[in-house]
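Let me give you the structure first, and then I'll get to my questions.
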Amino acid sequence: MSENNNTQFETAFEVRDLDLYYDTFQALKKINMDIPLNQVTAFIGPSGCGKSTFIRCFNRMNDLIEDCRIEGEIFHHGVEIHDKSVDVVQLRTEVGMVFQQPNPFSMSVYDNVAYGLRCQGVKDKNILDEVVETSLKQAAIWDEVKDHLNRNAMKLSGGQQQRLCIARAISLKPEVILMDEPTSALDPIATTKIEDLITELKKTYTIIIVTHSMSQAARISDRTAFFLLGEVIEYDETDVIFHNPADSRTEDYVTGKFG
Amino acid sequence: MTRRRIINDKIKEALTWLSSGISAFVLIAIVVFIFSRGWETLNWDLLTTGYNSENLMADFVHVDMNEFSEFEKPSNLKDDAVFSSKYGIAFVDGIDANKETYTKVVYLDESSPLQDGKITTAGPRQGEQLALHEGLYLQKISYLDEAGDKKSAGQMSPEGKEASELVAILDNQSVEIVDFYAQTEGGGLRGSIITTLILIGITLVIALPLGIFAAIYLNELAPKNKLTSAIRSSIELLSGVPSIIFGLMGMTMLFPITQLFGIDGQSITLGAMTLAVILLPVIIRQTEEALINVPNGMRMASLSLGATEFQTIYKVVVPNALPGILTATLLSISRIIGESAALIFTVGTAITDNPAWNAKGTSLAVHIYTVMGGEQPNFELASAISIVILTIVLILNVSVKVITYYMTKEKDEPAKA
Amino acid sequence: MEKDINNSKDNYELISEKRTKRRTMYKTIDTIMRGLFKLSGLISALMIVLIILFVTIKGLTVFLPSYENPVDLGNFLTGMRWRADQQDYGVLFIIINTILSSFLAALIAFPLAVLSALMITKIAPKRLSGVLTTIVELLAAVPSVVYGVFASGVITSLVDNIASFFNYTTFGGNSMLAVVLLLAIMIYPTITSMAVVAINAVPESHELGSLALGASRTQTNFKVVLSSAKSGIFAGLILGLGRAYGEATAVSMVAGNAFVGPTWNPFGITRTLTSTMLSGMHETAGVDYDIRFSVGIILMIVILINNFLVNYIKRRIESGE
């Protein structure tokens, strides 16, 4: 399905001429982008540049916003995700998401992780137990919570909550995990843990991350896209973006001339 | 500041204190009045007995009076009570609300022969044991005199209408008691209390799902368009409609629905359906407020995990809004207990002892209306019921405050990073 | 429990076929429930329309020629006598009575309520303000019928005493004055709580501005706070008046149900729309039963016009600034 011959990698998503409007305001303009499989792709840019709006396109969370209109195409393994035949609920099980604010449900740690599967109708206690354990292990939080699986997740610290949310997202074995500024509400120590975790997770998952911190993008991502006023100014390997950008605006941004 | 300005300020401030004082005074006046008029009448029996008095006849198997020695008059008996030392029973005279004289039993010794009566009146209680116990109103008592002839005394007999006369006959002429006829005390609230409970039950069963569902629709699903705002303002309008209009609505609009269940005329179900409509705006508003307070992040998280919207609502949103829904329920109960005008039209004003979902009855509030509506308003009973209603309403309102307090407290707690 | 990730992924794949089936089921449930939610919303919204429709239709039937003993609409609207026993149903004096007593009640309650609201929000120390708020809430929670008992026990004897001081006799205290006092008490908490909300919504900067200009606390409260909050306070007045027009049980216990009117003498018995609807509840059919709905229409119209007028006045005052 790929019409872009420059693609040198397997893609998770191919975005073609995507425009997004909030009522009359155009938030995203003619975006074209290939997201590589099993790599970390970072979106950077100043506030209000559209990067968070863009990441929500991949699991169609923008459907929930009224007056939000999308034109253009996003292909996921050859299927256009806005197509009528696509079940958005199914799509969201394949494309998980972690939000800016840790948002665990007000239930036990166990129930939080088992939530996604239970919504799929999985009731088998053995499967649930196993998935909860492996997910929590993969999210590097198992050792901290294994003795309090029945504790309310709201009682965890912010960093633990965010890792729990990651565990919850990977419990469904998604192919892609979207992360919308996952560390912006956390302290530096918790941030480091999450970053280590992301590096670990990219072996198994495709990760798309929006971040405010350029150093974070430089540390963890393979490819980086720079957004400005709803447009992709530059999209390339992270090294190139940070050390040898083609566009002067990118350079100004990554060197901290504006933010 | 000029002196005039200071005086002017002082006067205005005094006025605000005065007006607040008046409101406090009015509340105190209401409470004092209700309690002073009703407290004497209020007792456990009032709450547990029926409104219509029960007629009871009971007879005794042959008792050998020689087995009994003289009974001792208890020391705590009131002065106006007349005590029979032979049978260990005491009576007082009185005049009831209908200006008729009565003889009431005020004491019965534990080992008195009058403990072992057997009910002979037809009905479910036939054969049950019945003592001529405290609180019964004696109509007639039959005894055997020394000649072995059966004679009677009491209100319904030529002799023994007064307690002293009755006791004299019993102590001096009787050899053995054969049977008696007595009435229980009427005017109790049991029927109205049960009616109120049935009303609360049926009303909530109808109103809660409808109201909560409507609130969910408005807060979770409805698009922001003209139709939605029209729905909102219609529901808002509903809360401004006086309850008597709801009563009229019940009579015309809902009555045909109860007819489908084979109910003819006013009924508890009709009242409950009417109340459900009255409560809709209350429940919707309270529930919506609770739904608004559920963090949006939870909805997003649930949807991003592949839950359907209903799963999100059912598993995440509603459980988090439960305290608010509980508040709505308590407020609804408080409103049901206090409602009168709409129920007068739809459930009627006839006090019943055997309430049923498809029959007429009175809630406690309408019970007050009925006893106040006669030729002689019964302030004592009305005030006693008012105490009951006010107490329940107070408890419900305090509970709502406590729940709301804890809800806001939980929310204000800073999230630990 | 120590299985590696790949193994568990296989295990997980096994249920995938079932998952598709389940998902279809969940989608159906989702659709059904959304429909149910929407239906509930629509039913709730339709209620007001249905109420107006049903009461109006039923209320108009007595005027139709097809009715067994049709009531003359002209006489109904302009009549000054209500003698059900003589088939004479004139509702005009009842309308006047209702509006008059409600207005007088609002005249008493409104200033008291606004001043109390000011007390609660601005003047009283925190503790006292909490106590006063509770008092207002309790007054609002007292059921109408309990107010009725209080009114027929206390207010009527108060009115009787006042009347005898002026050498008037009353029918056991049942009178327009009793209705007015009762309604004033009953609408006081409504207006007060609305006024409290309105005053609390006034931004603090307004007050600070006034204080900075050398106005005293009291001057600020009365001039700046009250005038900034006035649209909310007026909304409270509308609600209070609406409650006064529609108050039934308590009013009917002290109104006395006069046959003619309007009642101008405060010590004379009166008759309101609601007390008329509640009187003679024994009929279940016939004109006396049906005419209640006609009175109900009038009550709804009175409330509607009231809301419209007060809103109009409110807008005039606001634009006058």
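All chains are identified by letter, namely A, B and C, in their written order; residue positions are counted from 1 within each chain.
Here is the rule we go by: contacts are C-beta pairs under 8 Å (C-beta built on N, C-alpha and C of every residue); 3 or more make two chains touch, one makes a residue touch a chain.
Here the structure is a predicted model, which is why all the values come from computation and not from measurement.
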>> As a test of understanding: of all chains, whose mean C-alpha position lies farthest from that of chain C?
In response: A
>> Applying the document's contact definition, name the chain pair with more C-beta pairs in contact, A-C or A-B.
In response: A-B
>> Need the central chain here, defined by C-alpha centroid distance to the all-chain C-alpha centroid.
In response: C
>> Measuring centre to centre with CA averages, how many angstrom lie between chain B and chain C?
In response: 25
>> Suppose each chain is reduced to the average of its Cα coordinates; what separation in Å results between chain A and chain C?
In response: 53
>> From the mean C-alpha coordinate of chain A to that of chain B, what's the distance rounded to whole Å?
In response: 59
> Which residues does chain C have that touch at least 2 chains other than itself?
Replying inline: 26-27
> Counting only residues that touch at least 2 other chains, which ones in chain A make the list?
Replying inline: 89-90, 119-120
> Which chain B residues sit where two or more other chains touch them?
Replying inline: 308, 311
> For chain B, which residues count as touching chain A in their complex?
Replying inline: 223-224, 295, 297-298, 300-308, 311, 315-316, 319-320, 415-417
> Of all residues in chain A, which touch chain C in the complex?
Replying inline: 87, 89-90, 119-122, 124, 127, 129-131, 133-134, 138, 173, 204
> For chain C, which residues count as touching chain A in their complex?
Replying inline: 1, 3, 5, 8-9, 11-12, 15, 18-19, 22-23, 25-27
>> If we count contacts the way the header does, which residues on chain B are in touch with chain C in the complex?
In response: 1, 5, 8-9, 12-13, 15-20, 22-24, 26-27, 29-30, 33-34, 37, 209-211, 213-214, 216-218, 220-222, 230-232, 234-235, 237-238, 240-246, 248-249, 252-253, 265, 277, 280, 284, 308-311, 313-314, 334, 337-341, 344-345, 349, 365-366, 368-369, 372-373, 377, 379, 382-383, 386, 389-390, 393-394, 397
>> Going by the contact rule set out above, which residues of chain A touch chain B in the complex?
In response: 59, 61, 64, 66, 89-90, 92-93, 96-97, 99, 101, 103-107, 115-116, 119-120, 157-159, 165, 168-169, 172, 185-187, 190
